[in-house]
Structure formats: structure tokens, C-alpha cells
Amino acid sequence: MTHTPPVPPVREVQPSPRQMMLRRALRHRGLLFGGAVMLVILLIAIFAPLLSQHSPYAQSLMARMKPPVFLGGEATHWLGTDALGRDYWSRLAHGARVSLMIGLFAATISALIGSTLGILAGYFGGRVDMAVTFLINVRLAMPVVLVALAVVALFGGSLTVVVTVLGLLLWDRFAVVLRAATMQVRKLEYVAAAEVLGASLPRILWKDILPNVMNHLIVIFTLEMAHAIILEAALSFLGLGVQPPTPSWGLMISEGKEMLLFEPWLITIPGVALFLLVLSINMLGDGIRDVTAPEGRN
Amino acid sequence: MTDPILSIRNLTVDLPRGADRPHAVEALTLQVQPREIVCIVGESGSGKSITAFTTMGLLPKALTPSSGEVLFEGRDLLTLPAAEHAKLRGRRMAMIFQEPMSALNPCYTVGDQIEEMFEQHTTLSKAERRARTLHLLDEVQLPDPPRIYESYPHQLSGGQRQRIVIAMALALDPALLIADEPTTALDLSTQAQILHLLKDLREKHSAGILFVTHDFDVVAEIADRVVVMKQGRIVEQGPAEEVLTRPRHPYTRLLIDAVPRRSRAVGQDLSRSPEILRVAGLDKTYHIRGTMFRPARTVHACRDIEFGVRRGETLGIVGESGSGKSTLVKCLIRLEDPDNGAVWVEGTNIAGYSRRALHPYRKDIQIVFQDPYGSLNPRRTIGDQLAEGPTNFGEPRAKVMARARELMRIVRLEPEALNRYPNQFSGGQRQRICIARALMVEPKVLIADEAVSALDVSVQKEVLKLLNEIRDRMGLTVLFITHDLRVAAQVCDRLIVMQKGEIVERGTVDEVFGTPKHAYTQKLLAAQPGQAWEVPDIASLPPARLDAMGGLI
Amino acid sequence: MLLFTLKRFGLAICVALTVSAISFGLLYMAGDPAVAIAGENASSVDIAAITAQYGFDRPLLVQYADWLGGALTGDLGRSWYFDLPVTQIVTDRLGVTVTLGALAISFALILAIPMGVAAAVRPNSLIDRAALFLSVVGQAIPSFWFGLILIVVFSIKLGLVPASGSASWKHFILPTVVLGYYATPAIMRLTRAGMLEVLSADYIRTARAKGLDTRKILFKHALRNAIIPVISLAAVQMGFMLGGSIVVESIFALHGAGYLAWESISRNDLPVMQALILVFSMFYILFTFLADLLNAWMDPRLRVG
Amino acid sequence: DQASGTLNLAFSKEVETADVYFNTAREGLLLNHAIWDGLLYRNPETGAYEGNLATDWTWIDPTTIEFKLREGVTFHNGEAFTADDVVYTVDYVTNPDNGVKNLANVMWMERAEKIDDHTVRLILKAPFPAAEDFLAGPVAIYPDEYYAEVGPQGMGVAPIGTGPLKVAELDPGKHFVLEANEAYFDGPKGASAIGRIDIRTIPDVNTQIAEFFNGTLDFLWNVPADQAEKLEAMGRYEVVNAPAMRVGYISMDAAGRSGESPLTDKRVRQAIYHAIDRQTILDALVKGSSKVVDSACAPVQTACAQDLPSYEYDPEKAKALLAEAGYADGFTIDFYAYRDRPYAEAMMGFLDAVGIKTNLNYMQYAALREQHRKGEVPMTFLTWGSNSVADASAMTAEFFTGGPQDDARDPEIIDWIQQADSTTDKEKRAGHYKQALTKIVEEAYWVPLFTYNVNYVLGPDIAYTPTDDEIVRFFAFDWK
């Protein structure tokens, strides 16, 4: 055998991971739907002041509970007014901000706590893992709704308190999933290779572990974001969520619930909005999970 | 000639749209006679398993047979209703799979799982079923059948499990037995036993066996006839003796040529060159914490390991799975901390160094791992990963990238590949990239831990050649870990043989393979399949002639 | 096994202790409990008397040790509100909640497992899509909203079932649906994913090669393996449900532990809250423990050889 | 409903114990009236006090009353009612060691003395003009032998009284079944026309209304104004609105207990008074028979003067006052509340309009009261129901006599109220109260808002006339 083998060409057919992800994303119906709804809500939240000519706080006690246009109301308040005569559309639009903010911040706090714990436990194993597992167990054993209610009841329900409490209570899934994912990635040989090549610990965590557990992180982030939004609504429903007159959707449902049997639209409108938001976040999360399924083994 | 048991004619199986080729199997024709072992060989992805699955009626939903026929006992299986086909399975045709570890349901005793065959296909009473099962267990040479009968799969070794699967397959005396790489996952001595068992059983049960493998040594050991496949097509078939010693098709020749020889052209004399790495008294014990339901135990993965390697030398480390080979190298590169012992690299003992103190010595020893898919980070470009090492040792980016480009050329990849991601490369290409990555920091010692085990023979050959070249060109010292004795013989200067964490034998290749002293080494050597087969010298064969379609004339 | 059980038990105690310590600290940090005991219309005179009577002027640690000592002997103190032993109140209310939780988890399992299996057997089929739809929608429907809608439709409009209370089995229908529906998506997804994974496992291929009929393959070989993680999840969900039945109980006026918890929060009845947090966490620990045992029984790999 | 002969009612909160001396809930007071009797009875129509367990009573001196007890009365368990029961009850509840919860209800009594089996004397600690009202309200007479045996806990789960209704079943906090007391004496309350009353606890108003629609509840009370309007509009149910003794008010930290605060400036407080359109809130949200008040007590209460100065709704004037006080640009302040969130929000809207930004802290009553007592609350919306005691002292004494909930700490007011409460001269008393109430308005220590009202909704086959003291008299129901 005398000939040298030809230089094997790079497999042109295979696009880069990012291109593949994008391609899959564009074919994923759930992701597109979730993304679109989410985008609309996001835009509404951002441009809330421009989209409504009334202030969400302006009361008009003589024009209470005016029905929305589709139930025979007037066009000035096309979604009607609430029990204090405030414009429902304006509150809904501004409420999108609050709900998104609660979801984002609470999920961010828990992501920071949970993924740090999870990644450290998964990477180091041994005692660190035991300690983290214990913490996770403690956290799981605490009844979330009960503790959240108690804390909000005792410390008052400002936005900050609610976000912090939810953030401090919802990190378990981050920790559990990232711990498992990190353990898996840590066993892979490229981590060993990086170590042998003299990479420092932070560098390995940052460059080799984090990017490869990122898809889990994002998926859990969306789940917990939805979870936080629903929980806040539940707290508000029980009267222990954020403080009025902040226009949170949960609060709107809680205020509208009083008239459930007589003016059902009062609770239906924010209820549907909340449902759509949570639905879109969840679909987005599911989509991301499908789309970012780690490629490699074809 | 008697009637064939199985006769596949002109079979074509379509792949789903978007696959890299339109057909998994194309225009395939083959026959299996009673008491005949027909081996299908070919590289990964050539359609061997698909052929087997089509016959069994176990094709994944995505794949559909589009033309041809599969005649079994006079009936065309492709047109047979699924329910009828299911009735044949297990009773008239049976199958053994590659992965014994996962082929059995972990939730039921193996006795129960064998008995299911009788339950499904016969009307035997409970007691009879049990008796027949115990008999089968005895027949596949399992010790203490009543105990095995009550065991769960996880309580048995891989070889034992494979025997259970075989027992299951033979339960109802099928006319056809299909074995899809049944020994690939087993170690040498177990493989030898299973092959022996199959040969015996063919006689006793008068079944025809379709045996799928990619290992020519196994073919040489058991095949009556050989079918060679490439990309879904049969390129050559004939009696074993004929195909193995006088292959006619270039592809068959390429494959056989790639089979490592059992000897190596003697390299340069190294007795004068200085010792670059020395290991002494190295111990490593794993304490496995008792998990929820299992008691704790300790494993002595390495015990009192001692050896030295000279500059430019290739030291082979062989031994069965679990003998401690990987643990040893992990201790050398300090992915694990040895419990005891010293590791001298050019006179510096790095065994006890802290992480920080070790840093400058890191680049002296580099490693290439087995799994071509797991050893590259899928989220980083090749260039970024190649640059990792030198960057960590503070080299300027420009210089690093220049070197990366050069190394890409050395491992025969285009420099543009640096901007791509691992998923855009094949397994063999990935192994080259890993070698390049290891070489980026200009190591003194390169460890290859089963670096070619996961590759097809032809690719394996390329990579081995590359390694050889690089070693000679750069004066590298190589620790070559493998369980494949052929490979070891071909690339190593000296060998050490490990068993249960200890070195049981050492010496030059000729010493170890020619006059093994330790019983374990002897056993290992004896278990090699196809020893009678002398790999032909392809260059000396007459040139092949092909028709326009790539078929033989 | 025994050793393991003991270890698990020890761990469980540690977890429960930590939970109780955290909640104790948290609850006592905010405000003077004496006011809570005195109640809405009490005057200033009453409050001073109560502070002394209950010993709220002692250091927190002493109070905790006191409480813990009592808890170990089954004495969780007296409710400030009802002035009855907490143990009595809690055990009294727990019945409804445990019944509800058991019904709800059964409902969820009965709904989710067949759907999950059906979805996995025919991926991308109509039933798979329906299951997926149900699970996505189920995750997004706030349970309080769902509960109110059910009352309006099934109780007021159709008059099929009572709206509130716990007097007969009929009263449990709506709460069971609301609470159970909440756990359904997760269980269904896990069943589906587990079945999909198991169905592509080698031993299923072996079973098919043996010529077994589909029913046997699905139910004997596949489901048994796929169900193992579902058991753990169901245990966790059941634990969550007990703690999370607050909303459902308050809507349907079920006087269970969840409702008691919520009321105790409004009443600042710390001994009861404290006990409930402890009880809920104990339940969670108990369920996960039972699930582990059940799994060990189901999965021989987890048994001691 | 009538068919089953059972009247179905719902409490919206759990009652901690049926022993009325150990609960402070409104529901407890209702049970008190149904199961027990006081010595006296206040006729809800005339407001006059009538004999109940006592047939006759005379003031011997300002601190001694002598009662002639009704003869032939028995408790539900058959125990005869005598002077011993009165003496035992008074001695028990006034003994601080027994830890009665509502001390204010009983601590004005010193002791009781038995003269003979049916004559008893009550000795007061000091002259106490509201004594008759308390004796007609919260002070129930217990059976001495039974109570000595079972104590508060036994009484809590198996109450025994002399009242028109007796307890047939009791599940603490959850469920009460009352039955008519066939042997009830011929007193001012009258016997119960309905044989059986079933009271469940249903916290959610919607659920209550749902059950009401289904006919599984016969009567609702405390129905919020909006829902009551809708129910009335349906035409099938009778909705009755009755005034309540509860008064809503904003208390401001004039004494500066919570630290540096704009509210220490009288002009700022007056501005707040001017800024809130109480009438509009009342018309839009509170509705019913409520009235805007300027008194720090309920108009129905004795000595609660109504001809007081007032501040009309005038946002411009409010702004001017603020500017004068140096807050032309307004300020931001914490605002606390514990109930009626929409009312609070409405007030916040009005304050916002004159430049006062408020951060709402909506918390549980216990927590708010605790913080208020510590003097950490600059401004809060509170209400007070006076335990249905129809006397101005039930409110002013609690909040303007220098106690921990006194945000004004005005020595003059403290003095006037103390003088008023230690005299039995009705004229003088009224005079002092008027002085105090006037100064509270002038200094704008509080913004008294409005009285509350209660909506009662009657099922189709129910006959009942609600009263104006927030007390549902279970024994006064009848079928149509």
C-alpha cells in the first residue's frame, strides 16, 4: 500500500449546531406559537403606556364595572372598568409588566441559587453533593404555598417580598436537574481533556460544563417562570400577593373573583391573559427542550 | 444442496427522506442453508442489522422494505401479516443481540423470561416449562441452573446474560437463528466460549445461523460462508475460505488489508534512549459508597504498579475490561489522585503535587480517549478547543492558531475545519482532532486509551498509521492502551499485561505473545478467535475487476 | 436493607428538624404573637396578660427547644386560637386532606397513565396530540380559576354535585378533579417519556423477537419499567398536593389541613402553622420513602442481592 | 329550607371555641345570643333594656345593682338557674387567672353577691354607665355546676346555656347544629320557631352564594354591597340592609411616634381630611344605610354627639393646606389597612389626586395591630365594631386615653374622656364626650369615614327582620 489516503473532506452536509437548532426551531410549531404569543405579551408589556390612553391607577368611582365592548360596553374602555372604575385594558397591559417581571426575577433568583448548587454538586460529587442533596431535600419537604403564604403574610406583600420569597422557594428543580445534567457532562471525556490541558476550574465550569447544561437551564427557567407567575396569582387569589393598586394579573383575578357569579368577565379577562402567558411560556420551554436536544451522535 | 431455510431475494429497504442515502439495504440477495453459518461483515452503517431486522419483522417504523422477498420455509415474510410473522418469531426463527447487558428485562428473573417462550408458543404445564428451562440453562453451560433460574439479569455477568439470550433463542428449536454481533460487547475469553457454544448448537439443533459481525477474526473462526456488505449492497459473497484468503472485491480487500497484523516491523533500538516516565508502587483503591440499597465495597483498581518508558518507545497496556488500565492512566495524568506511589516525569515526581504545582507539568503528558463523540465539546468550535491547551499555558493567540492550522494538516484535515463544530465530523475525523488537540501543547508522553477501539477497521488503520507517523516524526513516547491483541502487536514495542489491577506479565511483544509465562496471558492469547487464519497479503493478489455498477465480474 | 432504612430514617429526621427550625425561626421573627392570640376585638389590657402567660418573653432558642421537646413526645402545643391541643386539631383536619390527596393522586394516575401509555405507543397520533394538548393546557390553568369554573358549571348550572363541604363522596368530586388535574400533566409526560424510552430499549426488542403478543410486551415488559420513575414522581406530587390543597380547600370549603393552614396564617396561630409545616414535610418524606420502598420492590436492581 | 325543617346557615370564618368568654369573633357573639342569656336584653327595635334572666333591677348606688332573677328557668342540661350561677359566672370571668379573652367586656365588674336564691347584687369597680349594655350583650350567664366540672374547654365543645337554642352537634370551628329549646322560658327573646339550625363554615363568598342559589343555604349576611345589589336585582330574594355599629376611620400618627412624619403637622392632617371624598366612596362602594360620620364613634352609641365640625371634600383646599405646610409637591407615606381593600384603594386614589403618594401595606389584623401598638404605623385605615356595645366609651376609651393605640396622645382629650367615664350623670358625660369628639375633628387626629352596614339576603321561604346591631338572632327566624 503506497498511496497516502486523500485528505478527507469536511462533511459539508452537516450544518453547525446553531444552524441546526435554528432549522429545528423554525419547524417546531409549539415553539413558534409559544414564541409568538410571548412576543405579543412582551410587546404589550413594553409599550403599555403607549397602548392605553388611561392610567392604570386613575379611579372613577362613578363608572365602576363597566362591561367591555363585546358585552355592550363603550369604546373608551374597550375592556371595561374594574370595581374602582379603572380602565381594565390599561391595567391588563401594565399587569403584563408585573407578571413578566415577577416571573423573570423570581426565576432568575432561583436559577442563580439552584444552578450554582446543582452544578457544584454535580461537578464535585462527594461531600458537596451530599450537602446539596440534603438542602434540596429540605427545600422539597417544605410546603411551598404554605411557606410563601406565611412569609408574605408576616412581611407584607410588596413586589420585592413576593419575588424574593418565590425566588428563594423555587430553586429545587434547577438544582435537581442541573445536578444530574452536570454529572452526566462531567463524565464526558472532553471535561477530562480540558483538565489535562491545564484549564482552571472556573474555566471548565464556564466553558465546558455551563454551555452543555444550558439547554436544561433554559427549559427549567421557563418552567419556573411560569410556576412563579401562577404561584403569585394563587397568592394574590388568597389575598397575600403583591400590593394593590399594582396592576398584577393575579390581583386582578383576586379582585374580580368577588363578582365571579355576576360579572364573570372581570375574572375571565385576566384569567385568559394569565392562561395564555403561562401556556406560551410552557410551550416555549417545551420547544426549546426539543430544539436544543444535544446533537452529536447524529 | 438442500432447500435453503432463508432465502432473501433482491431486498431493498428504504431509509426515511433526508438520510444520507436512499436505501438502508439495496438489491440484497442471500441464502442460509440448514446447519450453515453465514456471516455478514461490513463496516458500521452498511446495513447488516437492517437485514437481520427485516427478516425478523422488527424493523423500526421509519424504515420500509420497498421491494424483493424474504422467503422463510416457503413463505414470503414481507407479505405475511404482522400477527403471523409474530407467531414465527421465537418459534421458528430467533435472534440474539449485541448488547447482553440490556437485552433482558431487569424486572423479571431470567427463568421467568425463558419460560415466557413456552408460555407464549406452547401449552406445556408449569412444571414442564420449568423443567425445559432448567434443561436449556444446562445446555448453554450455565453453572447451577436452579440458582440461575431464580436470578435477575443484574446478578449475572455479561457472558452469562448472553447465554440466557441464547437459551431463550434455542428454546423451541428454531430453524433459523440470527445473531447480530453477539460477542462484540464481551471480552475475549467469553467471546471464545460463546462462539464455541454456537458452533456446538448448530450441530445439535440443526439450525441455520445468520451471524452479523464486523470482526474478520470472528468470521474466520466460525463462518461457513461470508457476505460482505458496503453501503447497503452486497459486494462479495462466497465460502469463508475463499473470501478470507482470496478476496476479489477491492472493498473486501481494503477491509482485510486493514486487519492489524500480529507482528510489527521492528522499530529502532531504544535501549540507549533515556527513561522519560517512571511509575513505582502506584496504588489506587476505589471506595464505592453504599448506595441506597447496596452495601459499600472497595475496588483495588491498581495495585503496586511499576514500569518505566523510554523516550520514543511505545508501551502497550493490555488486559480485559475492568483490569485497571484506564485507572492507571488517569493516575498518570492526575485525573485521579493515586493513593500511593510515585510518577516521575523526566526525574520530577508529580504524584504528590497539588493542583497548582502540577500545572506546568500538565502539558508533559497528554491523552486521547476512546469515545470519539464524548471527547469533544459539542458547543465549542474545533479551533477553540485546540487553542484551549496553549492558551491555558499563556501562549499568544496568533501563534497558537498558526500551530493549530499546522496540526490540522498533520492529522490530514483542512485548516478551515477549525471554524466548525464537532458534529460536522465523522468518528475517525474526531479522533484525529483529539490527537491534534493533545499535540497542541507539545507533550512528551502521549497516552492513547483505547483510542481506536470504537472505530471501524479501515478507519482504525488510518488512525493507527497517523499515530505511528507522528510518533516517529516528533519522537513521541506513547502509552497505548487496548484490549485488542492484534492492535497491540502491531503498534507496540513492549507490553505489560494487567489483570485485576496488577501487572502480571511484561516484556517485548515477541516475548509476551511468543512465550507467555503467566497463566492469564496464556488464557488471553488462547481465546483469540481466528488464529488459524493467516491474513493474506493483499498486494500479492491479482487485481480486482468490477463492472460499472461496482459489482464483481 | 435495615441499615439503609435506618439511614433514610435518620436523614428524614434531619430534614424534618431543619424544616421545623427554619419555619420556627421564620414564624417567630415577625411580630408579637400575643396580639394574635388576643384576637380582633381584644383590648390592650388583655395582651399584656397573654404575653406573660405564654412565655413569649423568653429567648427564641429556649422556646424552640421547648417546642421540640414537646413535638418529640407528640405534644405540639396548644392552638392559640382554638385553645385546644394542636395534635388534636391537626389530626382531626388531616383526614379530609389525606382523603382528598389520595383521591386526587388516584384520579391523576388513572387519567395520566393510560393516556401517557397510549401517547407513547402511537407517537404523533391523534391521541398523542390530545394528551400533549391536555398536558400543556393543564399546566397553564390556574387551579383556583378552574375550581370556580367547575362550581359554576357543575354545581350551579347543572346542579349535579354540591358546591362545597365534605359531607358525602359527592362533595369530593370537584375538588378531586381540580387538585388531581394539577398533577396530571407531569405524570402523563413522565409516563409518555418513560414508555418511549423503554419501548426503544433492547429488552423490548428481545421480547418482540420472542414473538410475545403486544399486550404482554406493553403491560408486562414495558409498563413495569416505565412506571418506576412515575412512582417517585407521584409520591412527590402527593406531598405537594397535601401542602398545595390550600386553594382548593378554601374554594370548596373543605375543612382540611390546607384550609386550616391558611386560616392559621390569617389568625397568626403559630403553633398550628408550625405543626402543619412539620406534618406536611413529614408526609412528603414519608411518601418519598414509601416510593423508594415500592420502587425497590418493583425494580430488583435496587434490592439487596 | 322549609321542607327539611332545617335552617341552613354559613359562617365565613371558623369560630375558635363556642365558649363566648374565650372568643372574640363576631360569630361567637351570635352563638352567645342563641345559646345563652344575659341578665338583661336590649330590645333592638326600641333600644330599651328589658329584663331577661333578671326580671327586675335597681341601681342601689353608682357601683351596685340589685337583680331579681327569673324563677323556673333551667339550663339545657336540666340544671336550675339560681343566683349561684350568676355569682359563679361573674367571679369566674373577672378572675384574671382564668384568662378570659375579652377582658374589656368583664373587667368593669368587681364581684357578685348572692342575697337569696333569686336575688343577686353586682358590685362594680367604679361607676360604669355602659353596664346595662354589657349585661345585655357579651355577659352570658353560665351554669355553675356544669362549668366548674368541664371548664372552658368542655363548654367550648358542648355548650350549655339557658338560651332559646341548644347545641345538638358541634364540630369545633366547622359545624354547629342548633335545636330549639323546647323548655325555653317566656322571655323577651321568645322561643325559636325553627326546630333545627345547621351552621357550616364556608369561607368563600362565591361559594356561599353558589350554595344559596342551590338552596343549600337559606340565609346570607355580610354580603358585599355589589353582590347584594345583584342578588336583589334577580328579584327572587329579599335583601335587607341594616346599619352596623362599626365605624371606619383613618388614624394618623399626630404624636410622631413613628418618627419624623408630615402628619405631625395639623394642616397636613386637615388636608387629608379635605382630600377624601367620603360621600363618593360611600355611594359607590359602601352603599346601603351607611352614613358619613365625623365622630370617632357610631351614631347609635350613647353619648356619641353628631353636631360636630366637619371638613367638606375640597381637593383644592387640601392642596393649599399642603402647600402652606411646606408640601406643595406632596409626599410619600406608608398606608396600612387590613380589610375592605377597595375602600383603601379608593382613598389612596383621592390622596394621590392631591399629591400624597401612598404605599399600601395590606396585612393581617393581628400583624397590623401589633405594629400600630408599637407606634410604627404613620397612617392606617381601621374599623371598630365596639363589640356591639352601644356606648361611645366602647370606642373612644380604646383609642384616645393614651393607650398604645392612641396616635393623638392629647392630654386634654384623655382627661375629658376619663372624666366622662367616671360619672353617671348623663348630661355631664355627654358634655365631656362632645368636647373630646369636637377636638378630635378640629385637630384632625382621625378622619372618621362612615358607619358600616350589613346586607342580609333571605331565601324564598325565610322570614326574618334584621336588626341594626350586626347581630343575627338565630332564634328570631321563621318559615314563611
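Letters A, B, C and D mark the chains as written, and numbering starts fresh at 1 in each.
Just so it is clear, contacts are C-beta pairs under 8 Å (C-beta built on N, C-alpha and C of every residue); 3 or more make two chains touch, one makes a residue touch a chain.
The structure displayed is predicted, hence computed values, not measured ones.
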Next item on the list: State the pair with the higher C-beta contact count; candidates are B-C and A-C.
Entry: A-C
Next item on the list: Calculate how many whole Å lie between the centre of subunit B and the centre of subunit C, each centre taken as the average of the chain's C-alpha atoms.
Entry: 49
Notebook entry, point to check: Whole-Å distance, subunit A centre to subunit C centre, using C-alpha means?
Noted result: 23
Margin query: Can you compute the centre-to-centre distance for subunit C and subunit D, using the mean CA position of each chain? Integer Å is fine.
Written below: 39
Notebook entry, point to check: At what distance in angstrom does the C-alpha mean of subunit B lie from that of subunit A?
Noted result: 45
Checklist line | subunit D residues counted as touching two or more neighbouring chains | finding: 206, 210, 213, 364, 367
Notebook entry, point to check: In subunit A, which residues are in touch with two or more of the other chains?
Noted result: 153-154, 257, 260-261
Next item on the list: Specify, in ascending order, the residues of subunit C that touch 2 or more different other chains.
Entry: 30-31, 148, 152, 156, 250, 265-266
Margin query: Touching pairs of chains, all of them, please.
Written below: A-B, A-C, A-D, B-C, C-D
Notebook entry, point to check: If you look only at subunit C, which of its residues touch subunit A in the complex?
Noted result: 11, 14-16, 18-19, 22-23, 26-27, 29-31, 136-137, 139-145, 148, 152, 156, 236, 239-240, 242-244, 246-247, 250, 261-262, 265-266, 273, 276-277, 280-281, 284-285
Next item on the list: Over in the complex, which subunit A residues touch subunit D? Could you list them?
Entry: 57-59, 61-62, 64-65, 83-85, 153-154, 156-158, 239, 243-245, 255, 257-262
Checklist line | Residue numbers on subunit C that touch subunit B, as the complex places them | finding: 1, 3-4, 8, 201-203, 205-213, 216, 221, 224-225, 292, 296, 298-305
Next item on the list: Using the touch definition up top, name the residues of subunit D that touch subunit A in the complex.
Entry: 205-206, 209-210, 213, 224, 226-227, 230, 280-281, 283-285, 341-342, 344-346, 348-349, 352, 359-364, 367
Next item on the list: Provide the residue numbers of subunit A that touch subunit B in the complex, in ascending order.
Entry: 1, 5, 7-11, 13-17, 20, 188-190, 192-200, 203, 207-208, 211-212, 214, 294-298
